[in-house]
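The same subunit A turns up in both complexes below, where it pairs with subunit B and then with subunit C.
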Partner chain A sequence: MSTKYVGEKVTKVDACKKVTGEAKYTEDLVNDFSDLLHIRVLRTPHPHAYLREINLEPAREVAGVVEVFTAADFPELKEFGLIIKDQPVLVGIDQKMRYLGDALALVVAETDAAALQGRDRIELEIEELEVVDNPLRSMEQGCIQIHEDHEIEVTHYLDPEMCCDNILSDNYLDKGDVEKGFAEADLIVEREYQTQFVEQLPLQVEKGIADYDEESGEIIIWAASQWLHDTQADIAQAMGISKDKIRIKQPVIGGAFGKKEDISVHIHLALAARELKRPVQLIYNREESMIAQSKRHPQIIRHKTGVSSEGKLTAWQTKMIMDTGAYASSGPAVVRNAMFHCTGPYQVPNVRAACYAVYTNNTYCGAMRGFGATQMAFAYDSQMDVIARELEIDPADFRMRNAYQPGSTTPGGEKLELGVNVRETIARARRLSGWQEGDNNA
Partner chain B sequence: MKITFTINNEERSLEVSSHQRLLDIIRKDLGLTAAKEGCGKGECGACTVLFNGEPVASCLVLAPQADGAEILTVEGLLSREGELHPLQQAFLDAGAVQCGFCIPGSIMTGYRLLQDNPEPEREEVCQALAGNICRCTGYQKIVDAIQLAARRMQAGGDSS
Partner chain C sequence: MFGFGYGEGFPDHSIASVEPAGEGRILIRTSAADVGQGVQTVAVQIASEVLKLDPEHFEIVEGDTHTTQNAGSSSATRQTYFTGHAVKEAAEDLLGNIYHYASQEFTTNHPEMGTRDGRIFSHVNSDDEMTIWELKDRLANRGIELKGRGTFFPRTYKPDPETGQSEKVYVGYSYHTQVVEVVVDTVTGQVTVEKAYSAIDAGKAINPAGVEGQVEGGTAQGLGMALMEEQIIEEGRTLNPDMSRYLVPTAVDVPEVETVIVENEDTDGPFGAKGIGEPAMIATAPAIINAIYDAIGVRFYQLPVTPEKIKAALEQN
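Showing the complex of A and B:
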């Protein structure tokens, strides 16, 4: 193995252009186009409603507005999404809007001011439905179904008692015998933890430019993406065209942190560029980015933990309900990742977990650093603190007694062999933080 | 209205409208795209430039206010021979650059700090950077970079 660069400082290849200001982010490329059109997206006025009528005439009358597109212009459009294709490019007449970020119309104009003015003049008629803003309500019998027009694949372990209409994905795991583990415990602690929506907030919001090459029929898109080829494939399948007609030229990205895994400006740009045969730009502002694009999933986490009087974990049972918002995005993968981290870096012989990703009318949730494990970390380490206090054991010492070592098995049954360094991490954290209590027990 | 100002030691005249922002004329009319728009509300500091010697959020300055002003952006820090300013070099050497979106603003804040305070304490650098958000959270190395530049500039006597 080459060790030429290991342990050496290496300057990032693009760092120099970033300190001189020469690095070109998407918005820095707009000056390269002399005839750029501007898109503004009309988003929904209500998080759960049917679109019954849309009047575009007032927008078309605005000087400078070139075209206004709706779903009616693109009957061939399909839905998109990272794992499940459940998100509409544009909500059509008699279709449902499911959160405040769904797009109803694209206003394309010679100037941004005209596009904005046009957007704000569009008239709508909607039929409002119950807004489901809480995943617990979503799981109640009789709750309105958010995706009744989609075939959502819930897994095969369904609990017959539970209303599954709004469950995007359910996941279960069993390791050892959790009932036996609780029977062996001297103390059982049950607690519920909740986490909130978190915005990834990359400094650069979603922005893009697209152009159409009439000769080759190629659509060229300049926009950030964290999944270049997935984004290309998703745009192509949504538009019903071949992947080789979509060329993404990725400029420098001003941060993403998971938020730019999902499609944002891409399909809207591609449609407008192809239809108008002119370069177009779509530049979100901060508010639009926060309303339209993904968040970190809020989770309701219930841990029931059994422990012996010597401070050894004997059983761990977790139920987690995760608000995935209006669309699936990365939800099915995030909920699974969270579940397999339910006991953190602690060895537990008997584990049972049931975790659910549930649709609501909140902003959809997707990837953010840690991908579900971060929420779980807050809950399992809070649980460890609660137990340590009940047992009157030093919390660092309690963690040491249960921390993984080579040969430990995870809740998923994976045997850990290499890179198991949680004990060193705890010891170092104890030293660096100046934690004194219980040092003699270490 | 027509305004005249100096930017990066060059005098420029522009026809601007009353609602345009300084950031817009720098980025669009002059094509100097180092300063970035992160929030448009003066919170994030990505658009920081020196305006009559003081760091400002250029998204909160109206273009007409720039009449007669002296403006400095990151593009103006290179030497005439095209060499990096010690601050720019220190940001490279300290590994302070990640996504890079905040860097032009952070460098301008650091530049202004070192004019007044050529040997800032760590806490003083943090205070100066209070208006520059780095969402990659690379603050430690940005502070390292500014202190490294300060030491080099003191040693080399170059504070231009």
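Showing the complex of A and C:
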């Protein structure tokens, strides 16, 4: 198709403003207010404990502290979350803290220094529980339950043998006949792969400003979000107010990579602005951002792969256990995205998979570039390399022999028709890199 | 490989509008978050193409829940496809309205008219000419607003809960093959990624510089995941919550990336485009781990593969 603008290296429309400093990030908008109050959030001292008592008086005595809010001030608050609502806005007395990022109190002050001082003076009494920091421990019979007070709706729990107390979601694939596929194989390779907690690390950490319009009853929030309308809906449902009372204005965003899918500063800002009828700001530092906001899910992936001596895949079985941390966030979707990508771009007639997202007391995990498929790609393309070496076939040839072509079916049973260009990308990358030519379509 | 869009039967859509504003300006209204990936530029290029009008005439209104409608998230490699579609439909709707109302002014019909560079003209009578903004003002006097609106809302399919099977899991698939060259220092365990070669299937690159940028950034992020990045959490407590102890690649760690874009325009995306944001990253970590094996004959099964792990493995051999 002949086009004039599409397909051209047009200069990014926001480049000039970003280079000159004209672009307004949240930290620039702060200068538009003369009477901003500062919020600091008291977070949990222990990753798994009951909050038994909280003494706010020492914080209130700090000069400049305007107000200290806890869950007791907002009995109407509901929990929030992207897919299931399991995350408290504030942990109340006799409620549970489940990771180090849970919020216990909001200290609002005329200056940041006063808010910080107030925050550090709050006295707590907690009852410590076992910290579950490993998804394998979390799946053991008799392990302490992390969300005993939530009914989790996304699970199927098809395996009656399994202890499901801490399983957020279990997911299954069954295509063809995997036993038959392994029986046909000349070589079966079984390996286990593990990935780590990764921080998305956008340059800009979580920041926001909120103001309250007394006339309209509207709360206006300036804070970055990857999905304005979803963030708006989640704030509104958590606060029990109608959606049109929450107005979010998107400042220029300083990077996200998945980390700005989740609620961060938003509800705390909205509550404080409404209660105090003054503009407020809440700005995390890097440490707070890394501890309180989502991570890339660590996955333990076991692949068992059957292949013929000619190098054709016959069967693929995957078991994956994913640490979703203390809250669900995107977890129920990430685990499924990983599962549907378990064989990568390779045609396998017989596939079986069981993939689990498991709660622990680690920092919760959520969206990050690749959304589960990045971890899975490390595992399936390592597995392909292991097999190619065992069969003594050139690894690029081995991939070429098994790569999708029009008419191939995915592990999810979808027949691929449009734009199945994986073989072309293998051939082009090979040529570009000067990879030694082998037999492309054995 | 990456299946893009939310998939799995999850409702997925984007709404946009394209509206002539003050003289020489056209507003694109979308709430699609530009997190640096360039969706605003993609939206402008698509509207430019449909309306045959240079990009500098377009402005994106700032995201605001009360003045824009839902575009879905900037995630799932979906904005070029979803918001690209919505903006294309909105621009086409505006173009349709321009032809409809201008044909009334010219007393002619669509096939005898054209528009370019903001001018609307008749092929039959050269006196019949006006700008988009003149048309907008004339319509405003009649109480008519000149704008275009587009929604993209493809059908999605829910998989069977026990077998995961469905007719269509994702709206489309993007493919990316990357070859990397690494050097492993067997004394220090240090891995240097010297060069990366990428072939990425974009369907049609709306902005080739944007695609190359995504591949370069994705390579950097994939390199971090393969070799250095790890938030260490023990007993629920993060041991390295700062950038002095959480290591990410810097400019000196990132290799030169050579990219070819495979463009067969063979998708049902706007102008044949696919999303490439996430697939741009996912090839890198396995490529590096496989290249390390090729270099030193040691297979690593746990990320990240730090110099300490490489030294320990070499000492064991």
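Points worth noting:
The definition used in the following text is that the second predicted complex is superposed on the first by the 431 of 442 C-alpha atoms of A that agree within 3 Å, B and C clash if a C-alpha of one lies under 4 Å from a C-alpha of the other, contacts with A are read in each partner's own complex, and residues count from 1 in each chain.
Just so we're on the same page, contacts are C-beta pairs under 8 Å (C-beta built on N, C-alpha and C of every residue); 3 or more make two chains touch, one makes a residue touch a chain.
Please read all numbers here as calculations on a predicted model, not as lab measurements.
Of the two partner chains, subunit B and subunit C are each touched by A:L201. In the superposition on chain A, the chain among subunit B and subunit C reaching more residues of subunit A is C.
Once chain A of one complex is fitted onto chain A of the other, the partner contacts of A:G331 are absent, as it touches neither subunit B nor subunit C. Of the two partner chains placed by superposition, only subunit C is touched by A:H229; subunit B is not. In the superposed pair of complexes, A:G255 makes contact with subunit B and with subunit C alike.
Judged by the touch definition given at the top, the superposed model places A:K12 against both subunit B and subunit C.
Look at A:T20: by the touch rule set out above, it reaches subunit B but stays clear of subunit C. Once the two complexes are overlaid on the shared chain, A:L416 sits against subunit C while remaining clear of subunit B.
By the touch criterion defined above, A:R286 lies against subunit B and subunit C together after alignment on the C-alpha atoms of chain A.
The intersection of subunit A residues touching subunit B with those touching subunit C, taken from the two complexes, comprises 9, 11-12, 14, 201-202, 253-257, 286. The residues of subunit B lying in touch with subunit A in their complex are 27-28, 31-41, 44, 46, 73-75, 78, 84, 88, 91-93, 95, 97-104, 107, 133-136. Put simply, subunit C touches subunit A in their complex at residues 1-3, 6-8, 10, 31, 33-36, 38, 40-41, 44-46, 48-49, 52, 54-55, 58, 60, 62-66, 68-76, 159, 161-170, 172-173, 175-179, 181, 195, 197-201, 203-210, 218, 221-222, 224-226, 229-238, 241-243, 246, 248, 258, 260, 262, 264-268, 271-272, 274, 277-278, 281-283, 285-287, 289-290, 293, 299, 301-304. Chain contact summary for the complex, subunit A toward subunit B: residues 9, 11-12, 14-16, 18-25, 27-28, 30-31, 201-205, 252-257, 285-286.
Here subunit A touches subunit C in the complex through residues 1, 3-14, 47-48, 99-100, 131, 133, 156, 158, 171-175, 191-199, 201-202, 224-230, 232, 244, 246-250, 253-258, 260-261, 286-287, 290-291, 295-296, 333, 336-337, 339-341, 344-345, 353, 360-363, 367, 369-371, 373-374, 377-378, 380-382, 385-386, 389, 395, 404, 410-414, 416, 418-422, 424-430, 432-433, 435, going by the rule given at the top.
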